[in-house]
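Both complexes below contain subunit A, partnered by subunit B and then by subunit C.
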Partner chain A sequence: MDTAAGDAGVAERVRVGLLADLRLDEVAVVEARGRRIAVFHTEEGVFGVDDRCTHQDAALSDGFLEGCLIECPLHASFFDLRTGEPSGPPATRAVATYPVVDEDGELFVELPVPADGGVS
Partner chain B sequence: MTQTIEPREFASDQAGSSSPTDDVFAPTLAGEAYTSQDIFEQELVRIFEREWVYVGRAEEIARKGDFLRADVGRESVIVVRGRDEQIRGFLNVCRHRGARLCLEQRGNAGNAIRCPYHAWSYRLDGGLITAPNWEAMASIDKAERSLVEVRTEVWNGMVWVNLDDDAGPLADYLQPQVAHRLGDNLEVLERYDIANLVVGKRVVYEVEANWKLIFENFQECYHCGTIHPELVEAIPAFQASDTSANGYDTDGYYFAEGREGFTLSGKRSLPRLPGLREDDDLKYFGMTLRSNAFLSLTPDHVITHKFEPISATRTRAVCDWLVPAEVAASEDHDLSDAVALFDAVNKQDFDAAEWCQPNMSSRVYRDGGVLAPAEKLQISLWYDWYRDLMARES
Partner chain C sequence: MSASPRSVLVVGASLAGVETVRALRTEGFDGAITVLGEEPHAPYDRPPLSKGFLDGTLGLEQVALDMPVDGVVLRTGTRAVRLVPETREVLTSAGERLRADAVVVATGARARRLDSPFGPEQGVHVLRSLRDAHALRADLVAGSRLVVVGGGFIGTEVAATAAGLGLDVTIVETQPVLLEQQLGPLLSGVLTVHHERHGVGIVTGSAVGELQGSTRVSGVRLLDGRVLPADVVLVGVGSRPNVEWLADSGLPVADGVLCDDSGLVRAGVVAVGDCSAWRDADGAHRRRQHWTAALRQAGVAARTLLGLPSSEQSVDLDYVWSDQYGLRLQVLGRPAAHLRCEVAGDPSGESFTATFHDDEAGGVIRAVASVSDPRGFGRARRSVGKVPSTA
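After this line comes the complex of A and B, so read on.
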């Protein structure tokens, strides 16, 4: 995995791959800072979320994408990829979302600056 | 189940062997074949876990994720419409701790079959997707823990399951049975276009009788003149004493003069099925489809019966009246006159089976009864199928 550390205060960027390789309604998973991030290509754009349901530790990348909603494979809670908000129980907490930027057809996930200000 | 049932326990040459009327009658099965729970359980293993079993209509599971559940032999089976539209059957058993996956008789599983116990989740094609705490077991081979698929095929819109992986194709199983009934008129069946009919009416009957009494009954019309006044009024040939004694009339059985439909009133209440020809009109064909179905063809509707053996002394019968989808949906068409006729026939037949069932344990019936000349041919052929399966090693 390629990581491109930006200037201080700017999010760390993790390369996902080429947009052309991530077809509509498909998902790619990248790892950064010990977490897995699922990057979904929807009709409304490309969205990154933690690849883990907030209810139990299922991979959302194993779930079912319907528009901008990802259905957890285990208990069928849906998460809105735009906001991270769950549709209803059993999940009650939002899943973390990450901006995905498209630079000349190349996709990068932007991770927030860690609380300690460093880059892991 | 390892105990072997010797064929002679059911064999024809045992019952009434010293009777001077042997050349007139043929023996039935012995009484215990209709009462013994042990024999019933062997039937589940040797017949219903080996033969094709009819479980329901394809249009009942029309949408992705739709499923229906059926008891087949000793197993619970689910038949599911996949995301790729294909119908597949699985044993209804979670590979984790064995819980039943689908608890309802039918429904929609959504995008995945999820175990209600620990939420192990399977794709609609049976593959294991994931399970809680997956990270601790991500190294496993998912294929080894995927649902166990069972043979499932669709014939004329009828979904059949076979628990024997070595069984031949469904069409090869059913075709000779249809040929036995229709002879050279085999293409008649295609004109009914049964695949494109839908259930217009379903009636479920809980019958306090062994499934074999019901099957025997459907294969003789010797009783028709006595218990089916409406049916023989509709089709006079059914009270002819030799009907079916020499095999079926492969041209079908014509309605009585002046009757326009296979209805209680005799009036035509539904449009003729679109694929039928003029000379297909005004007649009826009925046939058994082993292991657990009957099929009846009329000019404007098709009737299927499905039988679910519940115990040695109980059987559930599900009768469907099939019509084109536009007829089922239209308020201009009323199925009730058609339903009334065979519903009456069903009740009469199932009553008769219940008259017999309690006496299957009588000392009088220990060695069984007899098949009258008009009953011998068809039922004896069916006994051959039954005995052959029961005599085979499991």
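After this line comes the complex of A and C, so read on.
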């Protein structure tokens, strides 16, 4: 799923907190528009994904982080935080990703405009 | 197998069958695949049937299993009644003869019932299929008395769900403790406390004599003479493999279809999931009726069928999880009683992870178990098979 929307496609920014407070390999969870978004600080940058495994009810923020891969804590599918793609079963669908921007040390998650203009 | 197959017939459309289809496609197989499913529904996932689907929080859509569709023909409502392994021909209940280069036996298992042919039928349930779940759900009315026969995973999960729906629940278990073999004493104790806290009665060390009632069940009589009044009974006493259709196939069948450690039964035929008994490292064949076992077997068997070398195998330990009363239990390996248990977190609380050490082997970790501590579990599972450095 491509959520790397340009400026025109960004409907909302949600503050995550200070980058300095989110240590490497740590995760923060923000809620916005009825969804939970997990924001991971990895060596390759800060990434936001839906905080729910696409396979079953499990919070990815509870998972084990290995580089840019987050392991679902229930069935050990890995998701690539950069693309959202699962590494293998049981998950088969990508998890939604969200751009995270760093403005002078302050992190924001960018939510895209809902496709139907309404609450998704 | 001599050549790579160009067509595959998968008999059984549950997790093991569906995941074999996916694995075949992932491994690059682009031939025709036909999947036979006995049930009328599209493939679905069974774990939610005793939990979210049973209490109505999940609908049909959320329990659906998605299967690759390109070049895959799914035929529901079609039962296989006979297999000729030499020609890989399958005869269906509709009298059709299907043929493929390779056959995947994935017919699963069915719930065992109590051996009482003359007992009441109404109000007595097992839980295995979507149909079972619909029927049980209709009977789970607040205020009713439910007796759960068998304190295994199905039994305890249904008990928790039913308690949440306002039923008066009692579990009857022949063993002295609930799920002790599977969970180990520590988690078993935590689980028991939570059931009791939610008002679920637990009768252990007791076997069921008979179900009482004429057409509708009215009670459960235990062998020691006690009678537990019941409006609804759930029988959760294990399963039997669906292998009768293979009786005249010449395939090796005991408690399940016997196959080697790559899923191979004989040339061009593999078996996966609850109907299969894979050969373990000790040479014995065992049915591994866990969700994750079906998933793993599907991946291995697909490579076997395609003649690919088997992928390197990680330690083959059973992994189980169970959600009850908002607790998430996770266990990897067998937390057997002789292992020394170390706990991180508060075992009397709601969240902890335990590692189980074999002191006869230098303290190596043989099993990991946790209650509502997925992060701790995720970390600890990586230490299984290793000796902790800070011993």
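Convention: the second predicted complex is superposed on the first by the 105 of 120 C-alpha atoms of A that agree within 3 Å, B and C clash if a C-alpha of one lies under 4 Å from a C-alpha of the other, contacts with A are read in each partner's own complex, and residues count from 1 in each chain.
Heads up, the rule we're going with is that contacts are C-beta pairs under 8 Å (C-beta built on N, C-alpha and C of every residue); 3 or more make two chains touch, one makes a residue touch a chain.
Everything numeric here is computed off the predicted structure, so don't read it as measured data.
Considered on the superposed subunit A, subunit B and subunit C are sterically incompatible, since they clash. Within the superposed three-chain model, A:Gly45 lies out of touch with both subunit B and subunit C [touch as defined at top]. Of the two partner chains, both subunit B and subunit C are touched by A:Leu74.
Taking subunit A as the reference chain, the count of touched residues is higher for C when subunit B and subunit C are set side by side.
After overlaying the two complexes on the shared chain, residue contacts for A:Pro89 are found with subunit C alone; subunit B is out of touch.
By the touch criterion defined above, A:Ala58 lies against subunit B and subunit C together after alignment on the C-alpha atoms of chain A.
In the superposition on chain A, A:Pro112 makes contact with neither subunit B nor subunit C.
Annotation: subunit B segment clashing with subunit C after superposition, chosen from 24-32, 78-86 or 258-266, is 78-86.
Residues 56-59, 62, 64, 71, 73-75 of subunit A touch subunit B in one complex and subunit C in the other. Against subunit C, in their complex, subunit A makes its touches with residues 56-59, 62-64, 71, 73-75, 88-90, 92-93. Put simply, subunit C touches subunit A in their complex at residues 19, 22-23, 26, 47, 52, 66, 292, 295, 298-299, 321, 328, 330, 374-375, 377-379, 382. By the touch criterion given at the top, residues 110-112, 114, 119, 121, 129-135 of subunit B touch subunit A in their complex. Chain contact summary for the complex, subunit A toward subunit B: residues 56-59, 62, 64, 71, 73-76.
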